[in-house]
């Protein structure tokens, strides 16, 4: 068995969906990841690595590691560079609690990879409402707000009632007991009484960023 | 089989827990309810009827029906009178949406049965935050706030972060899809990041009122 | 108790979120709905009625009924007119099966109420892939595609891989057994491997339309 | 990236809710915790640390570790001292089984941090009812009883039927099989036939203590 | 298609398991039930009918109806007589709340059909513990105690800790919200800390009685 | 804090329920277990240790370890001896698959601790029916059959239809995917069409043995 | 809106998958069904109607009703005739209990519509094993056995261990309590220890028959 | 206790079901596995080892290890050789994503063990539809297609609508958040609108291969 047979990167996807292939690294072996990066390098492309655990990163060959701009909190890496950052910031990534920042940063880093600067606003959970209210004017100027929250996940609902921009809720697996791995946050967002709130899978900062890119490009 | 054998009201509970027996009527037959009311009348007691459906109410004998102060939205009835209302209002019952009012009123009516006046504040869901913020000062003066909400149930979390009184969350079965009969509202309240939020079963306005009574009496 | 106390329409929401108040009618009594419509009429506003069951519609007073443009499949009504329809169609509403059309139409009717024409494409479930493939070019021209599907809900995933526009998935409660009221469709959409797919609550055609409106306005 | 940007302690919360900020340490890195403690020390405040695992504690710098009164069973730490303990004991923390003691102690330690002495009563599960009945008189004198139980969690129901004080049930994740991480205990408490029983999230001794503090202060 | 082809009563089961065939009537048509009763009558046997709804009973032909000893609360019928009742009462059926009596009576009626007298003790839920404690001596004399309870279902746990007889817990679907159709009662019983508690399906009074019969015969 | 305060063995339980105290060791520390064993030794009692993991066993002090008859597959230990084994074997413990043997042995070892010999019959799952059919005559002679099975757990249903003895089903957590930790086995047993089948918690061989002891003693 | 726009039968599917279009009628209006049948009649085709409730059947126009061979137990109808029945019977449909017959017959009727005769064997649930064992030789001669069972659904597991033919399990929604609408039967079949057992959705007799047709045609 | 007593391989199963015994190794000790292999060797048989983890493999005695053809990705081993491979390839194993390949290979390796060659087609998930469409002609020539997919698992639905062969769906536990260990993939497959799709347990490549073998032999 050769590994190459199992890896078939889809370099044609960009033409169809406007998004380059990204690689979710979590369950892949170092050997498997190396094969992928070799292929990307041969083609002279750049690629976004998501869910690249620190222990996976250090096992990559040095020749690849030094080509990766790695950020451990979000577990993302840029391989072979990124697109040029645009001048205007059109997306805010808002995280409810300290523990939600990792998922928020995955979204922000994905956006930057594709050339969209994104402002990160952290620790504005609704249990301390004043912290959020101080930032509302700033949020109103954005075209898309990605609201990242775990536990009861009330943040995107409250934001959705305060601004007219697009609001994307990303539930996180932060919490214990009834939080059940983000399931409660997810369901609370989907059941939101704030009309027009859109939702992604739990901890899916990458997906929220891709959706934001589709939205910005459609303008 | 005589029905009397199956009915054993617990008139001694008052002495132990400070709460008279109340009767949840929902699954009981008209005959069964009549037997209970006969016993209560014989003893010269008053009793609170909860979950008394309109179709059950009209099937009761006239002699009992005219002794019941019935409120159809909350499906509660006072049989044989209530206690004297106190002068001071110490409890607010806050309902997020129009459909949550029925459960909120069950709580308010239970409190009034036991002599506690309760103010009802409706339609203050967090998707329109300004409606709640206008009432915060009023809420701060209460010793207990019962916050009734379905769907994403963010209301008690937001209130809990704004005031120092006791906050009791009552999830409701309002909603569809992922709301799943109040399960999402319940779990969101329990997972709340607002410290010290207490929660009851879904639609349990009666239970929240009983808890408020225990709290007020402990003072 | 007067009913007016329980109804507090939020005519100020428009200014904040760009969306007029809409009324979900399902669990409201005829009396309650009449009170709401009276208030709307007094202010000279128009309003969107959702989940207005045929049996609720016929119980409304004639004076209100003749002011409602009612569509029974989607259970939506326009009260007091709609906004002017725009010339360009920017949204497609795609339904996988015949039974999903009702939810799709709720989305399309909501869009039209706010002035956005929407094309409806039905019966293009992925079990008969060729039906969808014939429409791909048409979908590529849209800025937003709302994909409505029950059961295994593969439709939005397939669409998301074929076009670069925004794709919003709306799971429906169509199906039996493991479909469990739309839960499987919802989870399949959220777990989609199609990057950037956004999701709403089950059967929430209204919510998907509100999100599309936010997206179109942000352009 | 500097860590300080991600940490924004809310020293103003005390004024609003009467509770100082506490820090849940479980998912935070040693570096992150150190930054928080530095901030607290600078302001000359004290802070409660919850879910501080022994392996986290030993990784803190010595200058902080020696300022922490750490209790490993409850995984709580007092940093920078506590408030003055009151003379009167008004709260009992009752644990059903040996394994529930850790959660009960988290509640008791939280109460003591805020100046409320709390008596702990352990191993009084209802499968050996006589052990509980011997302590009923003592419980009757308390204003609040926090009842901690896993598995079938019958303890708070039985207590709620015996005394008129406030009873707060804390389900624990103790057990295996159908106990499913405390879910059964939680649901059994919420479904309790004991009127006025209030419930918190699974293993949330801290939350129960915060609720008790709100109750005591409202008196 | 003739109906006879679909009905194949198993008159041989008695020899193998010591229990005659019983018929669960709930989802069967009047025609189907009549065919079954015709077969039983031809063989000169008697049979136990369970879950025979009143509306089903009245649709049976008169010739069968007058041979049925029907009890509507438990929805059980004896067709063609019962076995001789034994002199000694060895089983108690204990029901926690008024609404649990129907399930308890199904158990008691099943036992009597097979010749075992059973004492019924109702309204002894643990929220009013003293009612149960008064009956403990009586329960100790029984060889089997069937404890029927919904909601939090603490009754069998408490009984199991007080006596050394066999205790069979029957969860009931009584309750609302988190009671979820008896699921919480079931799980609480299975998670019980009372060693040796045995459990049946929700509302399965018949099954508990069959188990008791196996136990009594094994002696 | 001294550990002794947290440990309160219930030596009086024997008198009430006929079962000595047993100790579930799984989540207890070596220190905690040592304290318990010291107390037991002081009183000159013997005790059954369940869920005593090998890694816990080796951490006990030598003075206790040499007094424990430890069996690693079932993770049970006899401390201080057992009761005299009876001459007659009245209980069979039947395990469906090789992986169910551990749970079955916990049941058998518990029975032997209390003096009841138990025969173990393994690898008789219903996917190879002939293996079970060869043992039916042997099973018919037993008063109680404990049937241990994971996955689809059809074994106790089939046995219950073949013999008239008491059958206790013990679901196990063996399996993957939809087996979900024994939940499917549990529900299949509870939904069994075999009348009179009794069920315990998942993996609860100890509980099944305690129930068998209650049954044997009641004879 | 005209209805025709919403109905788009896929007459080309036959060429691709070898199966004519069938129509699931359950949620369709009489008007909708009439439009479909008109289209089928125009093309001179025949069609299988599934889940056609008796109340739907009687509302169809007489001209269509007399062209339908309707069987109420399985709720299936043949419109416009069926294919020629083959001489050899290669499929057995086995139903565990009387209530499972309706689903089994849906499978048998679907097979006959496509020309495959199918033998139906009912009332052979494994709680009375001898009934099944008498039929094993007959089952061995079939190429496909469709095993229909609710509750604990042990039937297909036992059959799968006795014969070498293809076994397709169809779980049914028969049962109460933990049977939860067929979910337990489904999961028990999927977790079966009988290798090579294949499963369909709950109550999906139609799907099992379609699978059998694919298998027979592949030979 | 000797281990031999616990191991009872069923060498007679081949005669009944046409499939030799295979051994699922995951939860078995090295000692246990060695005993099994000794028995197989004594009888001069060959056996398929599934779920043999690399860490288990290396712990086997060398004498057995060198007789095993081990493939680590699928965690399968052939002990004592395989059957002769047939000339014609009649089964395709299709995997949606890179992470599904392991489960697909378990199916392919099982087929090869029993003499059926199987073609593997990987990385053809429906989010990049064109990759699948290029392979449709090849799939049409197969008698059985095993479609392996996690997350939203749309692959088998799409294939089932394109070809007339038998399609067996194998859901995998690949994914995070709502993917919940393969549960969503499983339910999506079962709810598929593609008629005649058959499904196995999550990650059960072995079971799918056994089903394919039954199908091929029935031809």
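The first chain written gets the first letter, and so on, giving A, B, C, D, E, F, G and H; residue counts start at 1 in each chain.
Definition applied: a residue touches a chain if its C-beta (ideal position, glycine included) is under 8 Å from a C-beta of that chain, and two chains touch if they have at least 3 such contacts.
Worth saying up front: this structure is predicted, and the values here are computed from it rather than measured.
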What is the chain whose Cα centre is as far as it gets from that of subunit E? A
Identify, among C-G, B-D or C-H, the interface equivalent of E-F, where equivalent means over half of the contact pairs coincide by residue number. B-D
For subunit D and subunit F, let me know how many angstrom lie between their CA-based centres, rounded off. 35
Whole-Å distance, C-alpha centre of subunit F to that of subunit G, is 43
Multi-chain contact sites of subunit F, meaning residues that touch two or more partners: 13, 128, 160-162, 177-179, 183, 186, 190-191, 195, 201
Per the touch criterion, the pairs are A-B, A-C, A-D, A-H, B-C, B-D, B-E, C-G, C-H, D-E, D-F, E-F, E-G, F-G, F-H, G-H
Under the stated contact criterion, what part of subunit A meets subunit C in this complex? 13, 16-19, 22, 143-144, 160-168, 186, 190-191, 195-201, 206-207, 210-211, 213-215, 217-219
Subunit G residues touching subunit E - in the complex, by the definition given at the top: 71, 73, 98-99, 101, 122-123, 128, 130-131, 174, 176-179
Complex contact set, residues of subunit A against subunit H: 1, 5-8, 10, 12-13, 26-28, 32, 171, 173, 181-183, 186, 201-204
Please output the residues of subunit G touching subunit F within their complex, sorted ascending. 96-97, 125-129, 151-154, 157-158, 160-162, 175, 177-180, 183-185, 187-195
